[in-house]
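Next up: the structures, one after another.
The same chain A turns up in both complexes below, where it pairs with chain B and then with chain C.
For the complex of A and B:
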């Protein structure tokens, strides 16, 4: 299998000319790069398109030009067969066909994504607007050298190092009522992995209104430490809540890796259970 | 037998013109970030004061807490 390393061609922070700076990179046909006045430039990468990156430039929403770019190819050193050799062959086909959305990739979302990538979920659609700060490393699946990068870009790098055989679609964007139904319309299950309660509420209500037939797995109450016995899963039709539903954030204190990791992996575990039901 | 509704698995007495706001008061729920379903149907915040909850309804109230 051949993969294209998009980041070898263009890097975040690159200055293309006096107007355009690269602010984000994507792979598998998403992410917009470069903003400048009314211009918007996109690069698309299609795994089936012989490793070509298609560059597209829009002005005021109109495509000005579109051209293929050369991309450096790297050969994967491990075989797909070996990667999946210990996966359960009875459930693997279902997992490979699944598409799962993850809204927010902080403490919850980055852990959910890593677990689901290891499991081999066919496609993950991931959205987050934030960039990595040093204080995130206490619980989020990033590394020191990734500080300052958009979380979705860093997570894509990490997921590709873990499992290069799944498809990852990333969106560097702040989610709202309007873009949620567009970005996540093709997912089988959505995982709510926001930090702020008001964002959780907005996402859950948008999802239940737009896609009442599709499950959403949310998290509530994961701060502090210990109290394993209080963490549970609650089901309300297609809405699932993981967490203790009690513990609040203390002032300016982040949740900690163990408890966030437990709840994130409960969410990921539930994703599998529902896919395989 | 008294008329009732179920709120988060607890039976409470049903009265005429019972709204979500009144239920929150009865239950002593002072949290702001809530997701509420009545018989599986999502009730949005602007309906909390107006939506009349019928007898025998199953009301689920989830409290969302920041952290992630």
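For the complex of A and C:
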């Protein structure tokens, strides 16, 4: 029996040997198809070994190969310098000093938080009382194994995985006129990311009366799909509204990732614009 | 965590879900645009995504 070691550089379409053709490439695997037959198998790279394939294929007619080795869990170490290496050096210091509040972390808020964390905002203050349900996953930045957890806890886990160099303060609480000024008193800008109209109104009114000098970025109209051209931003003094301002939530039907994501990212984009003005 | 397909799609619009589930979408490149397109379409429930990119993610 002769063992064949797969070469490091493999491309789709390559013949690995006379039996195997490569039809796909994964991060830790090469997906092959048995030449001339509809039979697929995966060969695993060892992730700790910088992508080198260490699985070996026996080629004597029978399909024999050792089970994929259990990948050792590796903790990726990345320096702050490397993380921010391609950020614009003119704006980075301003962003790193900023504090942004996010009220509600459903479809809008979870997407705003992920974008702002990726950008590297110094500190995010996040508040929400809700827990994750299966039907949230069509648009919110959570994962199946997080169902049942409070959204703020799950979001904190995800944000730390995305950017461990920013500070995240979470509040698992239902926001009201009394706690809003306390929780968000140190933010430079507040993002309104509720889904219910009466909560939006309460937050905006509370904010504009408590902190008339600080901007609040709200959202209105993000249901359905398509209609890119209707989405816009409106300014009313220190109140900004992103969305189409037309579409309403339909009973028991969730908004969908693309349009929610667009509006959330318009809010995040506006946060940056105002910080850098 | 086990979750049924029914639960997962419970609040999708029943009028558009069958069309979405039957669709196949290709994504060329999986950087800033492609990775976000893929996540959005996967969340929405597009039946099949075909994704191609040649670079590795880097710090």
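Simple rule for what comes next: the second predicted complex is superposed on the first by the 201 of 277 C-alpha atoms of A that agree within 3 Å, B and C clash if a C-alpha of one lies under 4 Å from a C-alpha of the other, contacts with A are read in each partner's own complex, and residues count from 1 in each chain.
The criterion applied here is as follows: a contact is a pair of C-beta atoms (placed from the backbone, for glycine too) under 8 Å apart; a residue touches a chain by one contact, two chains touch by 3 or more.
As the structure is a computational prediction, the values presented were derived from the model and not from experiment.
With chain A as the common reference for superposition, the partners chain B and chain C occupy compatible, non-clashing space. Of the two partner chains placed around the shared chain by superposition, chain B is the only one that A:201 touches, whereas chain C remains out of contact.
Counting the residues of chain A touched by each of chain B and chain C gives the higher count for B. Looking at the shared chain after the overlay, A:78 reaches chain C, while chain B stays out of its contact range.
In the superposition on chain A, A:249 makes contact with chain B only, not with chain C.
In the superposition on chain A, A:277 makes contact with neither chain B nor chain C.
Contacts of A:134 after superposition: chain C is touched, whereas chain B is not reached. In the superposition on chain A, A:182 contacts neither chain B nor chain C. With both structures placed on the common chain, the touch criterion links A:257 to chain C but leaves chain B unconnected.
Once the two complexes are laid over each other on the shared chain, residue contacts for A:236 go to chain B alone; chain C is not touched.
Fitting both structures onto chain A leaves chain B and chain C with a minimum C-alpha separation of 13 Å. On chain A, the surface touched by chain B in one complex and the surface touched by chain C in the other have no residue in common.
If you check the complex, the residues on chain A that touch chain C are 27, 76, 78-79, 82-83, 134-135, 137-139, 144-148, 225, 250, 252-254, 256-258, 261.
Taken together, the chain B residues at the contact with chain A in this complex read 32-35, 37, 40, 42, 44, 60, 62-68.
Taken in their complex, chain A has these residues touching chain B: 104, 106-109, 193-198, 200-201, 204-205, 208-209, 218-223, 234, 236-237, 239, 241, 243, 245-249, 255, 260. Chain C meets chain A in the complex at residues 1, 3, 7-13, 16, 36, 39-41, 43-45, 56, 59.
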